[in-house]
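One structure below.
Here the chain labels run A, B, C and D in written order, and each chain numbers its own residues starting at 1.
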Amino acid sequence: MSPLQLCLAFSSLLFAVGLTGALARSNSILVLLGLELMLTAGSVNFIAFWRFGPPASPATGVVFAIFAIAVAAAETAVGLALVIAVYRHQRNIRLPEANRLKG
Amino acid sequence: MPPSLETLWLVPALPLLAASLGALTPRGGRRFSAGVAIAAMAGALLLSCLALRAALLDPSAHLVHNFRWFDLGNGAVELGWLLDPLSALMCVMVSLVGLLIFIFSLGYMCEDENFTRFFCFMSLFAAAMLGVVIANSLLLLFISWELVGLASYLLIGFWFHKPAAAAAAKKAFITTRIGDLGLLLGLVWLYDSTGSLLLYDGGNGVLEAGVLGNLGTMALAGGLAVPTAISLLIFCGAAGKSGQFPLHVWLPDAMEGPTPVSALIHAATMVAAGVFLIARVFPLISYDQALAADPLHALTVVAAIGAVTALLGAAIATAQSDLKRVLAFSTISQLGYMMLALGVGSWVAAIFHLLTHAFFKALLFLAAGSVIHAAHHEQDIRRLGGLGRTMRTTYATFAVGMMALSGVPFLFSGFWSKEAVLHAASEWAVSQLPLYAGLVGVVLTAFYMTRLLCEVFWGPARSPEAAHARENTGVITVPLVILAIGSVGLGFLGTPAWPWLESALTGRPVAPRSLLEGGGLMALSIVLVAAGLGAGWALYGRKVRVSADAKDPFSAAAPRLFGFLGARMRLDELYAATLGRLNTLGAALADFMDRWVWGGAVGFLALLGEFTGSVNSEVDESGLNAGFNSASERIRGAGRAYSGAQSGDAQGYLRTVAVAFVVLALLVLLGGGR
Amino acid sequence: MNTVLVILALATLGTAAVAMSLRNLLHSVLLLTATWAGVAAFYLWAGAEFVAFAQLLVYVGAISMAVLFAVLLTRHSRDDVAAPPAARSRGVYAAAAGAAVAGVLLAAVSLAPLATAPARAPAVSVRQLGGELMGAHAASLLAVAVLLTVALVGAVVLAAGGPPEKPGDTP
Amino acid sequence: MRLLATTDSSLLERAPVLLRDALSGLLPPPARWTANALIEIVAILAVFGTLFAFLTLAERKILGRVQNRPGPNRTGWFGLLQPFADGIKMLTKEDIVPHAADPVLHYLAPVALIAFSLLTFSVIPYGRDLLAVRMDASVLFFFAAGSATELSVFMAGWSSHNKYSLFAAMRALAQLISYELPLLLSVVPVVLAAGTISTAGVVAAQSGWKWGLVPHWHVFTPWGAAGFAIFMVSALAESNRSPFDLPEAESELIAGHLTEYSGFKYALFFMAEYFGMCALSGMAVTLFLGGWQAPLPALEFVPSYAWFALKLLALIAGFMWVRATLPRLRIDQLTRLAWKFLVPLALINLGTAAFWSLTYPWGGSLQLLRWAVALALVMGPFLLLGRRLSAGLGARTYRYA
């Protein structure tokens, strides 16, 4: 297997692990962390293609990875704030119970 | 790059710094915030004087410093600043007048609890205005332009607890936005057709011959040449900012703000920004006159609007009874003069009048502010009076400003600048109407200024506030004196005998003209000024109003006309009646449609259904019911099934997404990846 | 060099999987920190020094801190960090979905015609990186800056939970 | 590290590198690279280990002098052997792990802490030729590794299942998160001015003298001075030193996150605190005080690492002086100082640095203007925010004292 394929396999497995966690656990912090893992897998892909693929410009992949990290940070901040807001309303952070808007 | 060009960006940066420091200052730090603001303005004044000196070394050159803000795709967004006599003169004017008004505000706002906020906003405004002045990129100019609008909004609504002030701020903001939309469209169009927003860029700027040439060769847009269309759009913004005829309604209401604000923003600088903008892009806006294929020149529109505004403002001002509103309408009419001068093609005269007007109108407003401050915020001229005896300095300076504004010959700056405007108008080839409008305006101006002077300063004090008024402290009167000196002396920069200003602005040596050529016109206007003064004296000065509720002589003479003018020609009502009414009409129409047309149709269908129902009920009863019931049951069941999917369980949704992704990916893969 | 990559990947995936299945919330967070460190190591292996350190700084330094803080803020007692493991049905669904996604992705990776690896990493200095950020990607940089600001403000507002209602506060 | 010392510099200057090359020269060429690396690691460990040992003594002595008592003076002359006595004691004490503790984390915490704080030593240039790892983004690496130490403090506090330790963990988190921000923000201007984020590059950017007299150190510019002050305050907080030593406030929480630690693990924590102090001071020297460069051209004959050591020791002495002088803050004062004072100042300072480098070409009389504006930008916000920060906190007057 070529290194690029290895990297991509790595990132896709990471993504799958994150997805599984986000689906399986009921604690919303863990769900958030699963989403974080999925985002990380995305930036792993950026770096992999920057390293092995033909790069558009010498820094493109790195730049996008940096943007991805910044966006992930913002996402975590807002997500944790939401978790705390949920905790204030229902005295726990179990996601399946946060379904007031169901039809 | 000469040092004063390098440091030019500091001219707006210093007030901006002062504004940010003021924003950090707690309420207690009154002295600190005021000190910082005044120091920053002084620094800006110093720098702009240096810049003026550097600019006058070679008046014909446009020293620019452009830099790239950022790349957008394969295009670049460029900003820059520009140093030429026009921008340098404007810088000096703005920072000097601003400095004096800041000092004045020390006294005027002293008992306001939001002192620090006031100085923060004022500094922000000054920074934005200076940014407009030095901008070399129309984008930068637009940014600062909007900041100016914002600052004016904040300052008009400074006493936002007064509903009138809040409403006035909103009105000003929205009305100017209408114009700015046009300006923005014009800029977008210009960028689209030239690919640059820099004014001067070593041959690639939008004001330079090459680009203009390409612009001229473009196809007509809706019967207009592209330069004409763009210029008209840009003029929309200018008209909105400097209160030209259709969009002038916000300016009188803006007088709800504190008086220094009215002096700085709505007399001296911001309303002049529109005139400055047109003067700045004059090469573009006057370019279409070279195009023969063009049915209408942009400048013609400018001249027409200017003439109308000059006349209308002066006429309305004759019948206002609020001290500051009279001055506001006179500002509108003077701005009309400037636009008129631009329209007839003499932007030098326009700038000359702008400079002199900035001084004497700021002087008038500050004097009015001094009166208002002394008379405990009494602004109604019918309830003032007799202040000439108690407030001598204010009286004298106000008289100077009044004579300058009404154009008393030879000594006062207003006379010379107005003469320049009228002279330019008389030389306009297209039509003489603007000249006549201007001449009538001269009479009216002299008339209402005389009225104002007599009502406020002569005769007995007609209210306890006026009776108790005393002269203010030096921090208020000293700026008045300085401005008075300015509004006398500034006139000699542009006399026909010594046209220093014109040669400085255009960079061409201009041969001095003797006063005799065009002397006929001068004599005529002198006569008209005398007539105006005389009429004013005859109506108001000869026998002065004795009590607050005595009838106004003018209204006694022509009550209908006076009422009409007093109600500002009912223009606000007109707008309410047309634009506002249009809304109501539309709503009413929709309502009618709903109620009768669609409703009727539905009702008819309903009746039909009932009829058929009653016909078919027999059949239903007999056989079909069971079938229908079961069918509806099924439908309801399906509904329940679907609503089950809307479970509110976020992970359930995520799961669905995952499954959908898998399915799609499988489709792509099995489809061979394409 | 592939062996290094494989070891890194296995370690990272292992920590991630264990973290996702642990009972103790704090243990999972700390293990996830290890995962992120592993990803940073991968970046280093790929030659993207700057990104690796940024990853360490942001994830290990900041995000894990914030998450730990959130964990400690949203619990009643000390033993409350023991999050119940997945209910069986959820677990099964989740495992199925994850496995399906992984399968599809792996299939795509193995099928896709991918470019062969160049000999060495494209050398990019930090100066070059800054140049690109400020030049070609400046607009997106501005956008990200705005996004971060808005996210910060929004997070503060959400977590602070609105101002205390005062009577007569309404105009 | 550069394998060949620069030939122009003096013998004393090149001595460490020559020594190392001589040692590794005994080995066959393929092993030399590894040998060099090992030698450098051992050298750093040895130097800072000894430094740590004697810093503890120095701190106790200085505190003693300030508090008007002799300090340790029994073991050896002037108590010079005290550190070794302490070391023996630490090593021979029993290592207690509470029954209810979380054993893995309880064991991991000190190890991770010491490991990460040692990592930060690898990128500091101790001398003209003495830099263990040359990399492009070394400043970033320094702070990345430093930020990882916060985790282990939390681990220690959490794992030992003791409410005081838990309080300490929460406090440590709050404090470290709050002060990470001004620390980084005060470094950004330096990166901006130097145009590089490699420590060697930053030092190189500060070389040279103005009029052959005033060195081009960043601390001698308005923004540099402000940044240096912000950096040092934040460094105090980041290394949990007094007056920011709330996590181990012995008067409130017995010993904070160290309560349940004893013996060698405790020694590790103690060592890590001093290592952090040394590393941050070294970074401050590198970023603001011109690194290993001599203050005057005439003094360049003194080897560069001596200058570095001098500046480092001066800063550490400052740390100790502060500890002996200032009382401990309250937690709310702590966070308020960070968020309402240091962070805004650091942000404004960034703008000042931008102005400074923007107006770099200005010469002649414009220099005065440049200095005036920059000083205004530094002083104005400082005065305003300081006034707002200390609003209502007037100096207390003791009537009966």
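Rule of thumb we're sticking to: a contact is a pair of C-beta atoms (placed from the backbone, for glycine too) under 8 Å apart; a residue touches a chain by one contact, two chains touch by 3 or more.
Here the structure is a predicted model, which means the values were calculated and not measured.
Placing every chain at the mean of its C-alpha atoms, the farthest one from subunit D is found to be B. Mean C-alpha positions place subunit B and subunit C at a centre distance of 51 Å. If you average the Cα atoms of subunit C and of subunit D, the two centres end up 29 Å apart.
With centres defined as mean CA coordinates, subunit D is found 56 Å away from subunit B. In this assembly, the C-alpha centroid of subunit A lies 5 Å from the C-alpha centroid of subunit C. Across the assembly, subunit B contributes 651, 655, 658 as residues in contact with two or more other chains. In subunit C, the residues that reach two or more other chains under the touch definition are 50, 54, 62, 66, 69, 90, 93-94, 97-98, 101, 105, 136. Multi-chain contact residues, meaning those touching two or more other chains, occur in subunit A at positions 19, 23. Those chain pairs judged to touch are A-B, A-C, B-C, B-D, C-D. Residues of subunit C touching subunit A in their complex: 1-2, 5-6, 9, 12-13, 16-17, 19-21, 25, 28-29, 32, 35-36, 39, 42-43, 46-48, 50-51, 54-55, 58-59, 62-63, 66-67, 69-71, 73-74, 76, 83-84, 86-87, 90-91, 93-95, 97-99, 101-102, 105-106, 109-110, 114-118, 121-124, 128-129, 132-133, 136-137, 140, 144, 147-148, 151-152, 154-159, 161.
Partner subunit D is touched in their complex by these residues of subunit C: 26, 30, 33, 49-50, 53-54, 56-57, 60-62, 64-66, 68-69, 72, 78, 125-127.
The residues of subunit A lying in touch with subunit C in their complex are 1-10, 12-21, 23-27, 29-30, 32-34, 36-37, 40, 43-44, 47-48, 50-55, 57-63, 65-67, 69-78, 80-85, 87-88, 91-93. Touching subunit B in their complex are the following residues of subunit D: 359, 361-362, 364-366, 369, 373, 376-377, 380-381, 384-385, 387-388, 391. Those residues of subunit C lying in contact with subunit B across their complex are 90, 93-94, 97-98, 100-101, 104-105, 107-108, 111-112, 134-136, 138-139, 142.
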